[in-house]
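Take a look at the structures below.
Shared between the two complexes below is subunit A, which pairs with subunit B and subunit C, respectively.
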Partner chain A sequence: MGHGKYIDPLADARSKPGMTTSVIAGLTGNLYQVPAGERLELQFVVLPGESRDIDLSIDLTGPGAQAHVKALYLCNGEEKVNFRILMHHRAPGCHSTQQVKGIAGGCAQVHFDGTIVVAPEAQQTEAYQENHNIVLTEQARVQTRPQLEIYADDVKCSHGATVGQLNPDELFYMRSRGIPEAEARTLQMLSFLSPVVPAGREEEVEKAVRSL
Partner chain B sequence: MAESKQIIEQFTSGEYKEGFVTDVEQEFIPKGLSEEIVRMISARKEEPRWLLEFRLDAFRKWQAMPQPDWAHLDMPAIDYQDIIYYAAPKKDKDRPKEIDPKLAETFDKLGIPLHEREVLAGVVAVDAVFDSVSVATTFRKTLSEKGIIFCSFSEAVKEHPELVRKYLASVVPASDNYFAALNSAVFSDGSFCYIPKGVRCPMELSSYFRINAKGTGQFERTLIVADEGSYVSYMEGCTAPMRDEQQLHAAVVEIIVEKDADVKYSTVQNWYPGDAEGKGGILNLVTKRGICKGSGSHLSWTQVETGSAITWKYPSTILKGDYSSSEFYSVAVTNNHQQADTGTKMIHLGRGTKSRIVSKGISAGVSQNSYRGLVRMGRNALNAKNFSQCDSLLIGSLCGAHTFPVIESLQPSATVEHEATTSKISEDQLFYCNQRGIGPEDAVGLIVNGYAREVLSRLPMEFAVEAQKLLQVSLEGSVG
Partner chain C sequence: MLQIQNLHAKVGEKEILKGIDLSIGAGEVHAVMGPNGAGKSTLGAVLTGRPGFEVTQGSILYKGEDLLAKTPEERAWAGLFLSFQYPIEIPGVTITAFMKAAVNAKRKAHGLPELKAGDFLKLMKEKMALVQMKPEFAKREVNVGFSGGEKKRNEIFQMALLEPDLSILDETDSGLDVDALKIVADGVNALRSPEKSAVIITHYHKLLEYVQPDVVHVLKDGRIVSTGGRELIDAIEAQGFDQF
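Take a look at the complex of A and B:
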């Protein structure tokens, strides 16, 4: 940004003559606009072997709009997975959540760049963002940049980000009760991912976790 | 509603008590910045050749650098040719050893005792810097009995050149960033502190910085070296007169922590923040960095930032020694037109290193308050751990609070946790206090103090009282 003042990047793009919505979408990735009272739900699953750029720009334009993004990724090779999520609250009383969780193995490179912007007029905003990563190998690399830019005061916003490994205490607990190490690790990973696994795709995700 | 408006007005009218000017005869060097000026500063301080070379090298590097603009700040253009880089109070020739009574009075008024007397909560050794020179350092004798060196930077250059030469710019190289390069070229004075092996410093050490002269900037340099197994607690305070024009303050602080040593660095920054319309104030552009060089070393930063028109400051730690640890505790308050972009960097290099970040931002008026941080786990940082918590409190609907953390991990066994929240003082909390007979203004004070408690409790006692008072002045009675 480089400046201390509230800048509305989309309004700026729109105000230029001859610029259509699709051009704006091209500028900022996939642009979604959620009008008053509507609800947007997006889910992403990135399976091993797949490099993906997920670039989202979500605009909550009307009062009471809601947006919920869930994403999970699994990497075990040379994948490059990039998330860029811009959640722009422009109207009062909107609610948004972002949950991005994943496991990086192999020599994968994962980058998360998420921003919540709350415009001065977007009072009574609730916005939450979570990014949790488990790194399995020395070669894998995770970088996360969760960001909040808030220009209104009556807001509840939070973000949380973690980068870590599978909890050795949990692993020990399970192994001391006769669960083989590989199985215990799988269970740990599945429980870690469970909040972001879409309904109906549980088996597919479990298969992928076992392949890590 | 009317009541809360009134309270906000009261809050914004919180006065700056340290805004007076001391009328003392001063000598200046000409305005502007050039190689000649750098040579002039060096000559005036009778510096050895190597230091002049260091300055000139830094100046040349600075000339080739662009001013950074990545911060979330609306920075006014700074005319570097319109600043006086060196201003010193004239010494009275009849009493060369004594401090000018006017200066002593100034520091007395600020609550900084230059006479060696016991202050309320304990004994504190002070190095007082007035514009470009250090005017007094107290308790030097008591300290030197233990082998501790605590003096102004200029004296250190003359008396302990080998130490200064060894450690100067070893943590913040001259070319580190734009403002560090500027400081390296024109730095005037500051404090130097060396704690020898195994010595526990018996008293708090403190630097007090005062800008007085008009049209000048202050460029001080602090160098703290804690040798093996030593301990020191260091405090820094600063104030400036109220002026309509903005003044530049670009300092560099370097801290070297050897094996098993422990350094605690506390700052209460209360530069003049400018008036309610955002006129004047100090541009506080500071580079602070420490290195935990040896294994088991520990460095703790605590800062309370209430002043300055613009704050650009990221006290950072390089955790090089195995099992070294560092902490960063910060309360940053912005009001009216103040802007702050502050945070920390924790660079984990050694194995088993630990760091903890607790940052509490409070923004009011039309101010902007940002936390910016980096936590990097290097390849060899086996089992390193970091925990960060960055909370923001918003008071009034025209201010902004922002969080820009970056987390990088190259080591799978390292754990990084970051969490941040942004909220305003809730109606429920206020109502709870009000119905128990606590007025809205006191309630806000109570809530804010509770909110910042985790940081305030880390300050040395002498500072904690001052910081709490400052917070009260800056934030009395503000209901969102």
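Take a look at the complex of A and C:
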């Protein structure tokens, strides 16, 4: 678990009422099977000070199943954070979202590998994947590989990936109003992360952002 | 209030300001007029310390201190304000969070305690009313999805809230219809006082019909080529900038 910095998705899935999913921890990662009409929600928070491999394979096996993954990472130093997410739509009318956002400083290395597979029988699929990253230093590295494999024709799918830096115009605008540079950077980073910050962990995330 | 001497500045390798001399006393409103590309916005950018604008010669004294030695935020704390020609959008940051951080940073710099949340909101409401901004804008993300007129009103609202001693209005009148122009002008006029000064940068006389300047300068090709009173505005309106 590592100092409570990391939400164990398995424990999370088990502890939440109303989340009745089959969870199988496989040898190479975590396989989740979401049957008809069920909803899986996973939330990951990786804070500075640890390297993590987050390896997920989610199968939407029954009609109307849903899976929603949110992940936030903040890393610096020599840390390595890897995401491998396979979202497999195997049945019709399923809905999935993936939102992975994070900030890499120091010499951190981040790798995002996300695949959405829509099987031929999975008509009326809705699947969305987003991976947005900010790098703070010349040395930090972020690689992102979003992929779609679609074998059905009646689907709504999109994916988007960006790797960028803090916006200098926004920083200057804030500073010109008297907001100190460090505070302006923090505000910008928090606003960037806000869609993936779990309720109740805002302060912890803010503290971590200030430490970058 | 402000003394600019022989100011030269460049953007990249291009020299834009080629020796500006300008002196503004307390309580004065100066208009800086000029054609596009004259260096008007560069002057505003240099005064507020925008990165990418390099001063190569000359000096700027603000309240007797070296302005160029200060960071952008220090200039704001000292009472300098720029109304942006193109206000920046800050997705994810509400106007309330933005201005609360700004107001409290300035208070802190002056050794004052932070405003209580209730007092801040009351003050904000009052200043928003001044520029006829609807109260729901307090919760909107800064400039995101705002119309041109709403962005400019938001600038004047921020100016009213921060109560600067020297305000620089960079093309605040561009893109405004007559009604919005009047609202902005009323906002600017409401802030005039014997202690507060302003520089109105514009290529157009419109705003100057509502806000009366004490001094008018014509900026052309990086230099001030003429200084006078109201008559300069009429001359520009009649014959353009080519006469200078």
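Following the convention adopted for this analysis, the second predicted complex is superposed on the first by the 185 of 212 C-alpha atoms of A that agree within 3 Å, B and C clash if a C-alpha of one lies under 4 Å from a C-alpha of the other, contacts with A are read in each partner's own complex, and residues count from 1 in each chain.
Quick note on the criterion: a residue touches a chain if its C-beta (ideal position, glycine included) is under 8 Å from a C-beta of that chain, and two chains touch if they have at least 3 such contacts.
Fair warning: this is a prediction, and the values are worked out from it, not measured in the lab.
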- prompt: Who does A:53 touch here: subunit B (first), subunit C (second), both, or neither?
  reply: neither
- prompt: Where does A:41 make contact in the superposed view: on subunit B (first), on subunit C (second), on both, or on neither?
  reply: neither
Query: Between subunit B (first) and subunit C (second), which does A:175 come into contact with in this model arrangement: first, second, both, or neither?
result: second
Query: If you count the residues of subunit A that each partner touches, which comes out higher, subunit B or subunit C?
result: B
Message: Applying the document's definition of touch, where does A:183 land relative to subunit B and subunit C: first, second, both, or neither?
response: second
- request: May I ask you to decide whether A:204 touches subunit B, subunit C, both, or neither, giving the answer as first, second, both or neither?
  value: neither
- prompt: Across the complex, what residues on subunit B touch subunit A?
  reply: 69-74, 339, 368, 377, 379, 392, 394-424, 480
Field: Complex contacts: residues of subunit A adjacent to subunit B
entry: 1-6, 120, 123, 133, 135-138, 140-165
- request: Report the residues of subunit C in contact with subunit A in the complex, numbered from low to high.
  value: 48-51, 71-73, 75-77, 81-82, 84, 87-93, 97-99, 101-103, 105-106, 109, 158, 162
Residue ranges of subunit A touching subunit C (in the complex, touch as defined): 168-170, 172-181, 183, 187-188, 190-192, 194
